[in-house]
Each structure stands twice: as C-alpha cells, then as structure tokens.
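Each of the next two complexes has chain A plus one more chain, namely chain B in the first and chain C in the second.
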Partner chain A sequence: MDAVEKANAARQQQWIKDRKVGEGTYAVVYQGREATTGRKVAVKKIKVGQFKDGLDMSAIREVKYLRELKHQNVIELLDVFSSKTNLNLVLEFLDSDLEVIIKDRTLVFLPADIKSWMAMTFRGLEFCHRNWILHRDLKPNNLLIASDGQLKIADFGLARDFADPGYKMTCQVITRWYRPPELLFGCRYYSTAVDIWSVGCIFAELMLRIPYLPGESDMDQLKTIFRALGTPTEDDWPGHAKLPDYVPVGQFPKPPLRDLFTAASADTLNLLSKCLVYEPRKRITAKDALSHAYFFALPYPSHPSKLPKCSTVMNKPLDEIDANVEVASDPGAKATSKSLKRKLASPTEAKARSIARRLDFSKAPPSSP
Partner chain B sequence: MPALPPLASLAQLENSPSTDDGLPAVLEEDLRAYGCKLIHQAGILLTQKQVAVAAAQILFQRFWYVSSMKHFGVGDIGMGALFLASKLEECPIRMRDLINVYDVLLQRAAHTIGPKADTPFKYHPMSYFGTAFYDLKESLVVAEMQILKRLGFNVHVVLPYGTLINYLQVLGLIKQENACTKAWGYLNDAFQTPVYALYQIPTIVCAAILLTIRHLNISLPSEAPNCWWELFDACWEDMWNVCGYIMRLYRERPEAEQKRVLGLVSKKDVRRWLEDNVPDK
Partner chain C sequence: MTSRVGGWLQGKTIKKAGANSSNHTRSSTPQQVQSTSTTVFGGGVKDASGRVTEYFSMDDQCPVCKSDRYLNPKLRLLVSSCYHKMCESCIDRLFTLGPAPCPICNKILRKLAFTPQTFEDLGVEKEVAVRRRIAKEFNKRRDDFPDLRSYNDYLEEVEDITFNLINEINVPETEARINRYRAENAILIELNIQREEAYAQQLREQEDAERREREFRAQELRREEEEEREEREKGKREIIDKLETSSKDAAKVVAKSRAIALKRTQARFASASQLTSSSKLLRSRAAQSTNIPDVPHVPLQDNYYAYEDRFVMRPGGYNDFLSEAVRKDREGIMRGGGYMVEEAWERALRSSVAALDLPPLSGLPQSPSQLDQGGDVIMAS
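And then the complex of A and B:
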C-alpha cells in the first residue's frame, strides 16, 4: 500500500454509512455520520463499474465545482474518497427541500419568509456566478433546507463554468418548467441570465404554492410562458426571432402580474418582473437583485431559524443526492403523483432521454417526531 | 477566489515514486515527455480541443508525483488523463474512438522498434468485439478512476494561454506575430515537461516570453530595478529553471535513447526493464 492508498483508506474510515436512503441509476445514497463527531452526513456512492463511458459527467461536475465552492448557501462537499471501484461523495446532510415545504399545505408562508428564502437563494447564486459557475438546474427541489433553516443550493450535476465567452453550450438543460425562453428557442450561447429566470419561477411558485409555468412539452412551455407574460415583441427582445429553434407560437397579450399575484407588494412584483425579462441581457443579475429595494423594504426577511418547517421529518435529503440527473423528464409526473420526481438527464446521454426515469424514494415509512 | 493549482513539494520533486522503484530519473523524464506526446498526438487525431489536451497533460504530469511507473503505464494513464480532461472541459469523447486512436499510435511505435522497421507501417485494426478492445476499455476506466483518486479529486488546472496574451499586450509585443506564435509554441512544448506541476502559471509564461525574446533578439528592460518579469511577479531563478526544462527537450539525443521509450509504454515493459537493468536491492 503506497501513501495514496493509505491516505484514501484513512479518509474512508472517517465516514460511517448508517443506512441506505435511496438509489438512482448512477448512485446509491446513504445516511451516515462522521466517526469522530457524529455529525450527520449524506454519502453518495457513485457506481462506476457499470457505466458505459467511465465516470458519469454529472459526478465529475459535482466533484469539480463543489470542491471549489464554499458558501453558507451552497451545499458543502465534505470529502471524496474511493472504495474499490466506487467513487464516494460525502455531502452535508440536509433535512428537507423547498419543494416539500411548498407542497406542505399545513404551512403558511408570510411575505417575510419568502423574502428570506429569496435572499438566501440569491446569495448562493451570486456566489456561484461570481466564481464563473452556472448552475443550470435550479428548481425548488434542488434548494435544500438545513435544520437551522439555511437554504443551500445543491445538485451541481449540470453545472459548468462560463469564463470563455462565445463557447457553445447545450441548450438541453434546466428542468422545463424553470427553463428560460432563450433555451427553448435553442440558444447555444448564454450566461448567468438562465439561472435568474429559474429563480424568478421559483419566486412566483413560493407565492402561488403551485408551479408558475407548468408546460407539458417544450412547445407548450413557450406557450405557457407567453400566456403568462405576453408574447415578446421585437422591441422587448431584439433578435429573438433569429434564434436557431425559433417558432412563432401565437400572440398573447401581456396581462399585468398584479392580476395573478394579488397580495404582492409593488417591490415584490418589480423584482419578479426583472427576473422574468425576455431579453437575457436586460434580466437582473444576482448581484443587483441582492441590492433591490425589495430586500430593504418592510417586512424584513425572517430569520432562517423562524422559517416554516416541515411538520414531518421526511426520508428525503434525496434530491441533493440524486445523481441521476436527466434532461427531458416529464414534469407532468409531479402533478399526477407525488412520489414521482422530476429529473434531468446528463446531456451526454441524449439518446436515453426520451424515457423519463422515475424513481420512488418516498416509500419508506415517514417517521414523525 | 481563483484557487491556485496544486504544485509538487520539494520532497516529491527530489524523490519521485518511480525513482524510488529504481527507475533512473532521466528515463522517467523521457517517459513523461513521451506520454505527453502521445496525448498530444491522440488529441490531434481526435480533433479534440486544445484546452482538453493541455489539461490532460497537466493531470498526467501531476500523477507521476504520487505514483510509480512500475505500477502504472504511461500509455494507460495518458489515455485516462485525456478521457477525464475531456469530460472536465465539457467536450467528452467516445471511449471507442480514444481506444482506437491509442491503438494506432502504439502499433506504430511498436513497428518503429520492431524487426520490420524498414518496411512501411500498416495498421491492423482490432476486431470490434475482440478481447483486445475490452481489455483496453477496462484499463481506461481504471486509469480514469486512479487519476482522480491519486490526485485527491483535485482536478483544478489553470491553462497559460489567457495569461500569455495578457502579458504580451502589456509588453507591447502582441502585434509581433512571430513573437506570439513562438511564445505560444514554447508553452505547448512545456506540457511535455513537469513545469506545470512545479511552478505557477505567471512564471511559466514569463519563461516562454524570455525564450522568445532571446531567440528573436527583442530587448526588454532587464536591469535592476527595471526588470520586465517583475511586473508579473516572476523571479529570475524560477524562470531560468523553466527555460532549462523547456530547452532540454530540444537537445540532441542518440537514436537509441530516443527509441528506448517506445518500448516502455506499459507497466509490464517497465517492470521487465527494471529486472534487466537494475540489480536487486
């Protein structure tokens, strides 16, 4: 055993796997703890042997980006080690995610609570963008909630860096309901604005308690967006008609946001509309969003520890963990069955994409406190 | 927060795992250079992006500070490094393509030192479902994992190109096309040396510029207190070392020495060489 093997073995002994909490195509997830402190962790074991193409891209991206990022509102990768032929990622253990909280009808959200979640999301995202990393899969179930109420951005399986301008990137990213119109039109050059659109959709979802723009197909997604926000004109978004996959999908008038968000303050609607601007270059940046009047107006954001929490502790720090990202999932799945999850496929796997992979992690009996 | 890339320690530099196993330092140096050349050739045949090829060469060079050539072959690890770096740089390649390309390169190398070296080289493709392919595929998967594991999953690399453009602009040399091309070439050749695992990027870029201006007879302020490299936080001694590493690549070598590496691509070859040449300890 040389020095490397020894170091790896020592590292492996530091983390104890307690029980299996889920299994995806590429990974098995265990709840575990740190041997010395007893701190709870999630261990994501990536299966290597069975892949066709060596290590999965999403696992490599997670290792690459999470190794570099350390921020209160970004999930922390505590350690990585390998056992025989497997790769193991040790991640912070988080109790729940925003999707579960949104769906829990027993919880009531105050405007201050929403403001707090938005502030934490923007802080985490601003940190990613400042370090030249696009997340490309923001949605409520990738925003995990720690036991102290802190929100953390997770699942960097689709993330990538964007330091190089003019570098062609795939437009098959971001779960459909949160995907911005430029990607739906096949834009191959894009930037931080794609993540901001997703945050806008999440913002709206927090107020409505149902997904804001639930399209049934890529084409229907555009229609859903235009129905909600009006069909963009050449003035709203110069040049959009020249994008590769542009198709006219009908003319819809622009209804005032106020009609749907009846209880929202003027500041709230102003920030929301700036996240959902059609022209990507005019969409607000995470940095500017953080200094938007919304965050400085009363009511001030709730303290994380005071935020609504799920009444039941679920068996579910899972989405963070679920390595199994897939692109064209069927978002409808969520509406029909709570147990089905939306996922994204790794872009390298374009062929397998037409079949939505559905995993049921929710079978384990819910343990109530 | 631009993290600095990890560098080898002095102890690692003085005693590499391969030299601990009895491999002469100069042979290790040659094998590293040859492994990088293979990565470069494969990259060209695969029309892979230079960023991925360069990142692969850096990972490859780092690998030999934590592992011995007695246990890993430069062929396998080079292939694994290119495969991994292609994923890291978001331009993944197919395993079969990579394996085929390495097969061509290694067959050609074997031909050059084989008994029929004077006849023209003819490539014999491996059979589509043959064991040769599956064996190579298996070793590719193992190599990728070993690189990740042995580098502690630290795959952050910094490439020198952006820095070079920046410095040439500051020095007012950007308009001199031959200077840019030459410096760019030195940076690419330097991938065959361990310098990217030993020095930070500004030092390496300054060394490439120094070689360029010396060879093109361009003069820049070089006397204390006005030394151009100090603008970029490089120190003369480090820069001079890097120049030495690069210039060593171009030295005249007897043919036997040049061909020696062609037969030492796998760990088996290296082990056999060690048995034949190194008396038992």
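And then the complex of A and C:
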C-alpha cells in the first residue's frame, strides 16, 4: 500500500455510512456520521465504473468548486475519498429544502421570513460570485435548509468559473423555469446576471407559493416571461435581437407587478423588478441587492431559528443534494435538469476546461476552443 | 393492583358483562382485545394517560393449547412473570385452584401475576418492567453527587444491575446488591420520590390553570355574543318605536340610532381587544424562553470589501488577444448577454495581487522548488 492509498484509507475510516437515502443515475446518497464526533453527514457515492467517459462531469464540478468555497450559506464539502472504483463526497447533512417548505401548505410565510431567506440566498450567492463562480442551477430545490434554519446553496453540478476571456459558455444550463431570457436566446457569453434572474424567480415564488414563470418548453418559457414582464424593446435590452437563437416571440404589454403581487410592499417590488430586468448589465448584482432598501425596511428579517420549518419528517432528505439523485416530487423540473446534465457532459467546453488557464496575457493561449 | 399481598384470590372478580366499562387495562385501539376471563389482569406497561395498549396480532396462537384466532376470535394472550404467553382460558384452567407450575418452564406462577402484553417482543416487555422497578429505587439525581465522575459511576452501576436482571446473570447476587443499596439510601430514595411527586403536582396545577383560563375565555366570548345580539334587537325595536312616535324625518332618525349602535360596538371591540391581547401575552410568555429577537439586516457578514484594491485598471482597457474576439463584438452578442470583458481583467488583476497582504510563511525551510512555484502565477479559480 503506497502513501496515497494509506491516506485515502485513513480518510475513509473517518466517515461511517448509516443508511441509503436516495439513488440516481450517477450517484447514491447515504446518511452517515463522522466516526469521532458523531456529526451527521451525507455521503454521496458517485458511480464511476460504468461510464465510458470516466467520471461524471457534475461530480468534477462539484468537487472543484465546493473545495474552494466555505461560507455559512453555501453547503460544505467536508471530505472526498475513494472506495474501490467509486468517488465519495462527504457533505454537510441538511434536513430539508426550500421547495418542500414552499409546497407545505400548512406553513404561513411572514414578509420577514421571505426577507430572511432572500438575504441568506444573496449572501451565499455573493460569496460564489466574489470567488468568480457561477452557480447556474439556482432553484428552491437547491436551496437547502439546515436544522438551525440557515439556508445553504447546494448542487454545484452545473457551476462554472467565469470572467475568463474568450471562452464560450453553454447556454443549456439552469432549470427552465428559472432560466433568464438571454440563455433562452442562446447567448454564449454571459455573466453573474443569470443567477440573479433565478433568484428573482425564487423571490416571486416565495410570495406566490407557486412557480412564477412555469414554461412548458423553451419557446413557451420565453412567451411566459414576456407575458409576465412585457416584450423587451431595443431600449429595454440593447443587442438582444443579435443573440444567436433570437426569434421574435410576439408582442405583449408590460403589466405592473403590483397586479400579481397585491400585498407586497413597494420596496419588495422594487427589488424584485431589479432582479428581473431584461438587460443583464442593468440587473442588480448580489452585492448591491444586499444593500437594497428592502432589507433595511421593517420588519427586520426573521432570525433563522424562527423561520417556518417542515412539520413532516422528510423520508428522502438528500434528494436535493444533487438533482442527479432521483426521488423527485416535480417531474417537470427534474426532467429538465437531468437532460441538461446529459448534454453538458459532451460539448467542447469540457475539453476547454481541462486545460489550466494562465494569468499571463503575453503568452499564446494554450488552445482555443 | 396494589393489594396483591393478601393472596391471589383477593383479586377483583367481576361479571363479564360489566367488565369493559370499568376496566382501565383494556386498550382503546380499534382492535380491542376482549376478555373472556372473569379476572381483571392488572400490570402491563401504562402510557402517559395510564392506559395499557395491548399488543394484538392476527397470527396469535396460544403456545399451551395451540388455539388460535381462527378457532377462538376472542383469544387474548397474557404474559406470565416468567415471560411466557398463554391464553386466558389456559390461565383459568391451570391457575384457578392456586399457584401452579408454568407449563413451559415449570416456574410456580400465580393467576394474578399475569399481565397484558404491550410489546411484540417479550424481551422488550421484560426490559421495560425491570427498568421500571429499578428506576423506582435508583432515583438519585445529578445534584445528589459531588462531581460528575461519581454520578457517572452510579449510573454505570445501575446499568450493570439492570443488565444482570434482564439477562438473568447472577440474579441472587444482584438482588442482594439492590437490597444493600436500598438499606443504605432509604432516606434519600424517599426524599427523591417526594420531589418527583411535587414536580408532577406542579405540572398538574399548571395544566389546570391553563384549562381554567381557556374555559373562562370561551365563556367570555359566548357572553359577549349574547350581549351583542340583544343590543341589536333592542336597537331595532327602538328605531321602530321612534318612527312610530316622533314626527321627525324618518331617514334622520334611522341614521342617528345607527350612529349610536356603531359607537357601542366600537366600545365593545376596544374592551375585547384588550382581553385578547392579555391572553396573547400569556401565550407568548410561555414561549419566551425560546424566543430570539430579530436583528436588523447586515448586508455582508465579513469585511471582504474593507480592503483597498491593490491595483488600478487601465482606463482604456487592455489589448490582450485572448479576449480579442469578444472585444471586437462589443455591441453584438456580448452586449446582449451581459458579458463584460472588464470582469475578466479585474479577475486577472485581483488574483495576481490577492496574496500581497499575507505575511510570508516563517519557520519553514526554503526549498528551491517552492521558489520555483512562486514565480509561476497560476490563476486561482
């Protein structure tokens, strides 16, 4: 046994798997605990052997980015080890997710509760963006809730670092209902604004208790967005007609948000509208959103420990650790994210990513995709 | 069943017909177990409300007479003090004439020592009984000990005794140990029992007070509704009377009496809201111990942006060829998608100066390879 194997075995012994809580195409999730402290963890075992291409792309992304991020509102990757031919990720154990809470009709949300969740989401997202990482799959299902009420962003299976010059990015990301219009128009160069759009959709969903923009297909998604927010003009969104997959969808007038969100305060609607601005450059950033008047107005955001919690014990708590693990309650949204992942595994981007990017601009690029 | 001392025949025997109404040991589950015996069997594991929920299964079979639920739908199995099951008719048959040996293990049993079964596993049944018995006497608390160590030792001993009794290891010796303990700690045991009782009493009183308050509130509400109804009736009668007698304009009379009625309702509402708010206060006080106040919003909880940037971007931008394609198309696809080449430059610059504020590692031997790595700046993602 060489030194690496020995170190791996030592790590493996630190974690004990207790019971299986979910299984999908790419991974099996177990509930487990730390051997020394008894702390509850989730062990995600990624099946490696059966794929020709080797390791699943989303697993690589997850390890790559979660290893770098440590923040109160981002799920913590505690350890990585291999067992036989499998890769095991040890993640923080979290009991429920925002989707379950939104769907639980017995819970009542106060404006202060929504404010608290939004603040935690923006804080986690700001931390990702600050570290040059796009999440690219924000939805209630991926915002997990810890037992003390803290919200944590999870599932970095579609994440990517951004702000590298010249690389095209795929537009087939983000679950459709939360996908911004620029991605629907096939944009290959985008920025942090895509995540903000998703947060805006989640914000609206928290108030409505149903998905805000539920499109049935990519085309229908655009129509749904324009019906809700009006068709953008060249003034609203300069350059959108030049995007690769641009198609005119039809002219819809812009109804005031107030018509749908009758009980929301002016600050709330102002922040929501700033998250759902068509032009990505004018969309609010996570950092600016955190300084928005909405968060400072009364009522104060609820203390995390007082936020509504799911009354029923979830039997499949780890489904949301990764959308790959399939025990979904929402077949539509789930199917989308799965098909996205399959597409992602192949395209050119994967090749480009494997080459280390250098900072020095004076040298020739290693290869151009 | 407290008076078992007098002998097995002193157990209450009642007529079959009246058995169910006065019997507390019957389970309240839908699958109620019906007794066919004339004897009331006490004991068993009681829940918080003092009831015994009996274990019931369609596959029950008496191990003695092999009768099962198919042959005898009223089959009820009871557990002996040696933890063997048998049906009521077997018990009646075997033990009515006095103590007799158990048909399975030959231990001498008495009829009144049979208890209803609560758990499917008789091992659990036994463990619960043993633990109950032990807890009654080994009732010392943490504050009866000078330090945690001795308390833990005590708990360890209790667990040891319990384990021995459950698994029937050294039973005579263990019993002797219990007797010794009982003799040594008689006063303390008594004291702790009293303390438990006082605590239970306190809980009961608290519950009573809450119940009384709820009843009072409900009564108050009913009374108010009644008053309101009466007042409305009276108001209507008054209007009609006035319209009959006075010569004033009818509309004015109606409006005036309406205004008076409104004033009255408002007054009532004010007093009612006072009442509800006081009860609300009461409820919130109960939850106050767990209540954490909300704090004003703090945008970011670290001081990441407190540091000054150690770089300045060149106003005209940079002419790097990596981003040439994107820069050429500034107003095209790049504009629509929100991509900004400035972000790429900022990231590059920020990453390159990020470590400048960190003090160098000290106390480590400088190896040439480390120096080598330092020279080659790799973008951190």
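In this text, the second predicted complex is superposed on the first by the 319 of 369 C-alpha atoms of A that agree within 3 Å, B and C clash if a C-alpha of one lies under 4 Å from a C-alpha of the other, contacts with A are read in each partner's own complex, and residues count from 1 in each chain.
One rule holds for everything that comes next: contacts are C-beta pairs under 8 Å (C-beta built on N, C-alpha and C of every residue); 3 or more make two chains touch, one makes a residue touch a chain.
In this text the structure is predicted, and so the values were computed from the model without any measurement.
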| item | value |
| --- | --- |
| Partner chain(s) touched by A:Ile60 [first = chain B, second = chain C, both, neither] | first |
| Partner chain in contact with A:Asn8 - chain B first, chain C second, else both or neither | first |
| A:Asp259 touches, of chain B and chain C: first, second, both or neither? | neither |
| Winner by number of chain A residues touched, once chain B and chain C are compared | C |
| Which superposed partner A:Leu243 touches (first chain B, second chain C, both, neither) | second |
| First (chain B), second (chain C), both or neither touched by A:Arg283 | second |
| Touched partner set for A:Asp235, first chain B, second chain C, both or neither | neither |
| Partner chain in contact with A:Thr85 - chain B first, chain C second, else both or neither | first |
| Set of chain A residues, in rising order, touched by both chain B and chain C | 64, 68 |
| Touch list for chain A against partner chain C, complex | 64, 68, 72, 112, 115, 119, 123, 126, 130, 132-133, 161-166, 182, 185, 187-191, 193-194, 237-244, 279-281, 283, 287, 290-291, 295-296, 299-303, 305-306, 356-361, 365 |
| Touching residues on chain B, where the partner in the complex is chain A | 1, 3, 17, 66-68, 71, 83-84, 87-88, 90, 92, 94-95, 140-142, 144-145, 148-150, 152-156 |
| In the complex, chain C residues that touch chain A | 291-297, 299-301, 304-305, 318, 320-326, 331-341, 343-344, 346-348, 351-352, 377-379, 381 |
| For the chain A and chain B complex, residues of the former touching the latter | 2-4, 7-8, 48-49, 52-55, 57, 60, 63-64, 67-68, 80-82, 85, 87, 131, 160, 169, 348 |
